[in-house]
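One chain, subunit A, appears in both complexes that follow, with subunit B as partner in the first and subunit C in the second.
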Partner chain A sequence: MAEAIVPSQDLNKAAKPAKGEETSLITGSEAIAVACKLADVDVITAYPIRPYDTVMQYVAKLNANGEMDCEYIVAESEHSQFEIVKHASAVGARVFCGSSGVGWMYAMECLTVTPSLRIPMVAMVGNRALDDPGAFGVEHNDALAVRDLGWQLVWVDNPQEALDTALIAYRVAEDRRVFLPCAISCDGAFLTHSQALVKIPSKEKVDAFLPRYNRGDLLLHPDNPITVAPQANEDWLMEIRRQTAAAMERSAGVIREAYADFERIFGRKYGNPFFEEYMTDDADVVLVGMGTLSNPVRVAIRQMREEGKKVGFVRVRWFRPFAAEELAKSLSRFKAVGVIDRDFSLGSPFHSGVLATEVRTALYPSATRPPVLGFICGLGGREVTLPDVRKMSEKVYQAAAGKSQPGTQWIGLRE
Partner chain B sequence: MGRLYAVEIVYRGIFQKNLAKNISRAIVLAAHKEGKPGISFGRYGDSPERNGIPAKAFAIVATDDTTLEEGMAKYEPQEVDVSICVDDTLFKGVESWAWYGLQPINKLVKPNGTLIVTSLQDPETLANMAHAKDAPYKLAVVKGTASFSGLWVYKDDHSDVRILGAIARVLPELFSLESVQETIREDSNDELKATSAKRAYERLQTYTVKPGQGNQEKPYQFQMPKWTEMREGIAIPGIPVGEKITDPVDGKAGGFRAARNPTFKKWATRTMRPVVDFDKCIKCTLCWLACPDSVFDVTPEGFYDANMEACCGCGVCEAICPEPQCITMIEETHFHDNASQWEAWRKDHDGYEAWVKTTISGRPERSHGFRFRGQYEQQVPEMLTIARQG
Partner chain C sequence: MATSDRELAELTHARAPMKLDMFKGVKKLPLEEFFTSGHRTCQGCESALVMKLMVKAAGPRTIVLGSTGCMYVANTTYYSTSWVVPWMHTQLGSSGSAALGTAAGLKALMRKGKIKDEPINVIAFCGEGGGADMGLAAISATLSHPDYNCLILMYDNESYANTDIQLSGLTPYGAHTTFSPPGKVKRIMHHRWKKNVAAMMAAGHPTCKFVATVCMSYPVHAMNAVRKGLTIGGPTFIHSLDPCPKGWDYDPMQSHELGELAVLTGVWPLYEVENGVLKLIGKTRDIADGRVKRQPVRDYLLRQGRFAHFTDDDFDYFQSKIDEMWNKWVIPGVIPFQKQLDDDKPPA
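What follows is the complex of A and B.
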C-alpha cells in the first residue's frame, strides 16, 4: 500500500497542512474516494451515474496511479454492482459501492437484503432526483428509499465531513455489534462536485482508528462452513427482522463511541454525532434540515440575527438510526420548528417531506410540543436561496406567535 | 354462533394444484347453492410450490357470515370435518416446505370425521400406513390413482367430481348431492361428470379406523429457535465432513457417509425411492456424482447405498445408472421405514436379492411426475371407466 499521496495538481500550495496531515483541494466525492484509500478498501464496484460517478472516477485514478490497491470491478449495472460487493463482504473484504437516483433504485433488490445478511457495506449516495428525464440535481428521496430497511443513513454537508464520516461509517458498520450497511449521502453537485480544502489524515492515524474488518463467525470461508441466505419463509422472517432491529438499536451507542475515538485520534470535534446545532442557545425558533442547504441557512440566520431575529438551525446528520429522544429534547426548547425537506413524501401526514414526518413523530411523546411546519424546498437541485430561508424563518416565527397553522409549504416554487 | 365446516385437500405441488383448487372451489360453490357462505384458499402453495412437494388447499363454509369470519380468523384450520388426500403416498405423512416436520395425514381430521383418499389400495392397508390417532375416524376410498386432472393439457378423469360426490355422502349437512351436481353442470356442462359424482356418492363405503390403529411412530418434529438463539445474518451452520461406515457383519469401518442436515430430513417428500441391486453394481460412481442431494453413502467395499433421510425421489440415479435394473425407482407405498438397503443386503444376501427381484418385477419405466412412462395414456381411460362404473 503506497503512502497517502495527493496528486500534486490537487494540492493547494498555500494551505499549510497540520502535523501528520496533508491538505488537498478536493470535491466531496473525491474526499470519499480518499477515505476509501485510507481505509484500504479491498473491493470496489462501480457503474456510472451522475453525480456518484465522480467517486468511481477518482478511485480509478488512485488505483491507476498505484496509490490504492483494491479490486476495482466495473459491473454491468447498479444491481450487479451492489450484489458483487455484498458477496465480497461476506467473505471478509472491506467493500465500497455507491450510486445515485434511479441507479440506487435499480439496485433496490440487493439493497433490501444487505442489512438482513448483516453486510457492513459502506456506500455513497450522490443524492439525485428520481428521475424525471434528465434530472440529476439533488433530492434526498433516493437514499431515503432504504430508510425502513436496516441501512444506516448519514448526511454530510462538506468534503471534510464526507471524508471523516466515511471513516466513521466503516468503523460503525463493521463493528460486530452492528454489522449493518451504511450509506453516506452527499448532495449531488453541491457537495459531490464542489471542491474544498480538506485535511487528509495520515494512514497511521486511520489505522489507529479503524481496525481491520473481522467478519468472525459470519465469515463465509471453507474453514468456517456456513450457508448464507438459505430460504427464509414465514417461520424465520420475524426473527430475522428482530435481529436486524436489535443491531440497529445497538448502532447508536457504537456511533457515539466512534465519534469519541475520532476526536481523540484525529483531534477534530464533531460534538453530538447525530445532529449539529447552530446558534440555538438563545434561539426563539429553529429550522431543521439535512445536507448542504446548511450553508445558505447559516448565512441567512447570521443576517437575521443582525436584525434581532433569534433563529437557530439544527442539521440532522444521522437519519438512521434516528436520535428521536435527543432531538425531541433539543427541539422542545423552541417556540416553533420549521423542517426543510429536500425530499417529498407525497400523501404522507400533512403532505410533508420525510424529515418533517420523523420530527413530528419524535416530538409526540414530549411534554412540550412546539408547532412543526414542513417546508419542501430545493427539489431537483434548485438552489435554496437566502430569501427562501428568510421566508421560511418568518413563517416559523408566525407559527410561534400562533398566527399560522402548522402544515406543509412549498418554498421557491413558481406560483 | 352457527355451524362451521372445514375441508382440507392435501395434494402434490404443481402436479395436483389445479385439481385441489377445483375441488375446494366446487365445495364452496355447492354449499353456496344452499345459502351457506364460504371461502377457498391455498396454503403452502404458489410461488415456492415445487414439483411433488406436499401442499394444501382449504374450503371453509359456514351457516352464516359471522361464523365464517370466525372460521377465517385462523388462516389454517386446527381441525377439519373432512380431509381429502389426492395421492395415497401422502398417507406416510405430509411434509410441506412451511412447517418443517412430518404432519400425519389425518392430523386435522376431527373425531369421527372422514378422510377421503383416491387410492387403489384397500382401506386397512391405508389406515395402517397413516399415523395412529387417539380418536376414531372414518376412511373413505375413492378408487383411483393420484390424478393429474387439471394440469396443463391433461384430460379430466373425473377425480374432482367423484370426490365431491363422496363429500356429499359423508357430510350431507355441507351440501347435498343435488347441489354438487348442479354446480358440476354449471361448471362443465357435462352430464357424465354429474353422473360420476352420483355414482361415487352411491357406492362410497367407509371404513372406521379405531383409536390407536396405524403407524405408532411419533411424527418427526423439532422446536424452532428463538430470535436470540438464531445465528445472525441469515446464516446456518454448514454441513460438517462425513464419517466412515461400519459394516454390520464384519464390523470393519470404511467408505464415506456424508454428514447431512440433522434437522431437515426427507420423509414424505418423495413418491418413489431407488432400490439398489448391489449384485449388479459396477461401482461406476455415476449415481453418487449425479445425485442432487448427496444421497449416496459409499460403503466400505465401494458400493453406493441410497440414504432415505436425504432422498427426495427424483430418480436421477436410476436415469444415469448404466446397468439395467441396478437402480430401480419403486413407489413409496411399498416401504415402511428409511432403513439402509445395503445393511439388509449384507445381513441377508439371498433374502435381499429375492426381495429386490419381487419388488422391481413388472415395474414399468418411470417418467417425471408420473409413476411410469405411459401412465397418462393408460390411466385416463381406466379412470373414466372406473368413474362410469362407480
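What follows is the complex of A and C.
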C-alpha cells in the first residue's frame, strides 16, 4: 500500500528553496490555507465536514496567531457558508470557501447562482464520497456535480500544486474577462491530509503575480447604485446565459496567460496547464485520470516500463474548461486509451464515469480515434493499487489489439 | 479579553453604524424616494409600501439585499428596476447570509483600508416564507454575530403569495390557501398556529440589540424602527405584518384598515425589544394597559375571503387563542409561557 503515496519526481525537486522562499512540510489543505494568506483574502467562511475542513482549521489558526487578516466567519450550514462569501465578493472582497461530499451538495443552490452572478469565488473541494452510506473516502462526484454550471474545476495531486493552483485560481477567476468561480479539487485524505515539502513563495512575488480584485462596474456600493440579478424571463435570459458561456470560453486563454506569468515570476514550470503527460513520448497506450491516483499510476508505469510495456499517463488538471481539442490531439497518438474515473455517472453512455464520457466526446471529431475504455476505480477512498493499474493497462493493450470489451469496467471490485 | 460590549466591539473591529435621527411625525418625512416607479406589485400591496418606506428611512447610503419572493419578482423586472439604491438578489432562504456577507465584505475592506471607511447601511429583506420557514437558521446565525451592522426585515403577508398563495409557517390557523383549500370532508386543512417570530428572535439572541414588530398602517413607527435597527449597531430584526389583497382576498382599498384591525383585535401586537427592554407600542400598549378594549377577532377575519369558510366554532376557537395570548401569556402578546400555578408542583 505504501507505493500509493510515493511522491512524484517533481516534488523531490521542490525541496530546495529559492531566495525569499521558505520550505515547509504541510498537507494539501494547509497549502491552500497558506495560499489564502498570501493572497490576502478578505472574507472566509467555514463549516465542518471532513476532509476539506482541515483547510479552515488552519485558516482559523493563522487568524488566531495574527498571521492572516480576514473576516473569518463560522457559518451555520454550507448553504450559508457559500451565500455569505458570495455577497462579500459582490461588494468587492476577495473570498475563499470550501466543502466536501454532501456538504458541497447542501450548498448546491448557492453554487448554482455564483457563476451566473459572475462571482470570482475560489473554493476548495476536499473530494469525498456522497452519502448514503456515509463514507469519508475520496470520490469526485461532489465537485463534478457543478460541471455544467459555470464553475472552473481543477484537480491537483500534491500540496505544492495545491498552493500554486490556488494563486492561479484567484488570478484567473478575478480576471474581468472571466469573473467565474473556481473550485480546486483535492482528493480527500490522499491530498488533504498528506504532507509534502512545499516551497512557500514570498509575499512580494505573490503581489507581483496577483493584482487586487477589482469588481469594476459590477461593484455593489452606494457610489455605484446598480441592481444585481433582476428577474428576467424568455425576453433576456438567453442573452445572459450566453454572456456566462462566453466568459467560460475566454477562461482557457486566461489560464494559459496565468501559467506563463506564474512560471516567469515564481520560476516553477507546469508545462501544459490543462493536462500533464507522463512517459507518453513513446507510449503505445495511455491511462487518463485526475487527482492523486497519479501516484500509484506513475509507480506502476515505471515498473511496467522495466518489463518493456510502453504505457503512458495523462493527468487531467482542468476539467472545466475542458481542453477538448488539445487533449484529443494528444490522445489520438496512441493505440488505445483507458480512462480511470474515481466517480460514477449512472445511466450515462456505456455506463461510464464522467471523465470517460468527456474524453470520448473530445475524441469524436478526430480523424484517428483510438478505442477508449472506461474504468471505475478507487471509489469511496479505496486505494488504486499497483495490481489495479497493471490490470487496467493490460485491458487497454487488449483493446489496442482489437479485442472487444465492455465500454466500462469496475476495477478492484470484490467479486 | 473583552470585559464590556465596547471592548468586544474594539476587539472585533466593529464599524460605527449610521447615525439617523427619529422622525417626529408624518409631516416631517423626506420627499425623496429610493424605491420608485418600475415595479408591478398588486394594487393595495402593503409589502411594496414596506419597501418604499424602509428605504426612505434608511436613505441613499444603503445596500439592499432582497431574497426571492413577491418583492423580488414584482420589483426588479429586468431593465425596469424600481431601486434607486444598490440592490442585489439573494436566494429564498438567504436573507441572513446576504446581510452578513455584505456587512462582512464591507467591514473587511474598510478595516484593511481597501475602500473608504464610512457607515453604509445593509438591509436584507425576506418574505415570511423565505425568512421564518426556509431561512430561519441563517437569520438566527446572523443575529448571533455582534460585530456586523445589518438589518433583516421580514415582510409577512402570511402566505407564499408570489407562487400562488400557498400556506407558510406564518399563515394563520384555518386560512384558505391553495395548499389548504376547504373541502367537502375537511373544512380546516391548516391546523398549525402562526409562529411567534419576533419574540423568538429577541428571546433567542440575547446579544441582538433590536427586534421590532411593525405594520405599515402605522408608518412613522415602522420607519423609526428601521432607523433604530440601523443605528443601534450589530444585527437587528424587524417583522412586518403586511395585508395582502390577493392572498387574503379583500378589496385592495382596505389594506390600511386591515392592518389597523390586526392591531386593534390583538392579533398583531406592536412592540420593540431594545437592548433587552420590551416596549409595547401605540394601541398595543393601550390594550395591554386596559385603556382600549380588544375588538373581536371576527371583525378582522370576516373582512377576508380566506376565512369565508369559518363556522362559529372556528371563530370561537381563533378568539380563544387570542384571549389566551393576552390573558395567560407571561408577557401578554409577546412571550407564550404561562406561569406555573402554586398548587401545580412537579412530582418529587
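One rule holds in what follows: the second predicted complex is superposed on the first by the 397 of 415 C-alpha atoms of A that agree within 3 Å, B and C clash if a C-alpha of one lies under 4 Å from a C-alpha of the other, contacts with A are read in each partner's own complex, and residues count from 1 in each chain.
The rule is simple: a contact is a pair of C-beta atoms (placed from the backbone, for glycine too) under 8 Å apart; a residue touches a chain by one contact, two chains touch by 3 or more.
As the structure is a computational prediction, the values presented were derived from the model and not from experiment.
Once both complexes are superposed via subunit A, do subunit B and subunit C end up clashing or fitting?
clash
Where does A:Arg212 make contact in the superposed view: on subunit B (first), on subunit C (second), on both, or on neither?
second
For A:Leu191 in the superposed arrangement: first (subunit B), second (subunit C), both or neither?
The answer is neither, since A:Leu191 touches no partner chain.
Applying the document's definition of touch, where does A:Cys110 land relative to subunit B and subunit C: first, second, both, or neither?
The second partner, subunit C, only.
Between subunit B and subunit C, which makes contact with more of the residues in subunit A?
With both complexes superposed on chain A, more residues of subunit A are touched by C.
Contacts for A:Ala400 in the overlay, against subunit B (first) and subunit C (second): which applies, first, second, both or neither?
A:Ala400: touches no partner chain.
Touching A:Ile340 in the superposition: subunit B (first), subunit C (second), both, neither?
After superposing on A, A:Ile340 lies clear of both subunit B and subunit C.
Which partner does A:Met238 contact after superposing on A: first (subunit B), second (subunit C), both, neither?
It touches subunit B, and subunit C stays clear.
Check whether A:Val43 is in contact with subunit B, with subunit C, with both or with neither, and answer first, second, both or neither.
The answer is second: A:Val43 touches subunit C but not subunit B.
With the two complexes superposed on chain A, say which partner A:Ser89 touches: subunit B (first), subunit C (second), both, or neither.
Touch status of A:Ser89: second partner only.
Regarding the shared-chain residue A:Ser77, is it in contact with subunit B (first), subunit C (second), both, or neither?
second
Can you list the residues of subunit A that meet both subunit B and subunit C?
Residues common to the subunit A contacts of subunit C and of subunit B are 224-233, 235-236, listed in rising order.
So in the complex, which bits of subunit A are touching subunit C?
Listed in rising order, the residues of subunit A that touch subunit C are 40, 42-43, 69-71, 73, 75-77, 79-80, 83-93, 95, 109-110, 113, 212, 220-222, 224-233, 235-236.
Quick one: which bits of subunit A touch subunit B in the complex? Just the residue numbers, please.
Listed in rising order, the residues are 116-119, 179, 217-218, 224-236, 238-240, 242-243, 247.
If we count contacts the way the header does, which residues on subunit B are in touch with subunit A in the complex?
48, 97-100, 224-227, 230-240
Sort out for me which residues of subunit C touch subunit A in the complex.
60-63, 65, 72-73, 76-79, 81, 83-91, 93-94, 96-98, 100-102, 104-109, 112, 114-115, 120, 137-138, 140-141, 145
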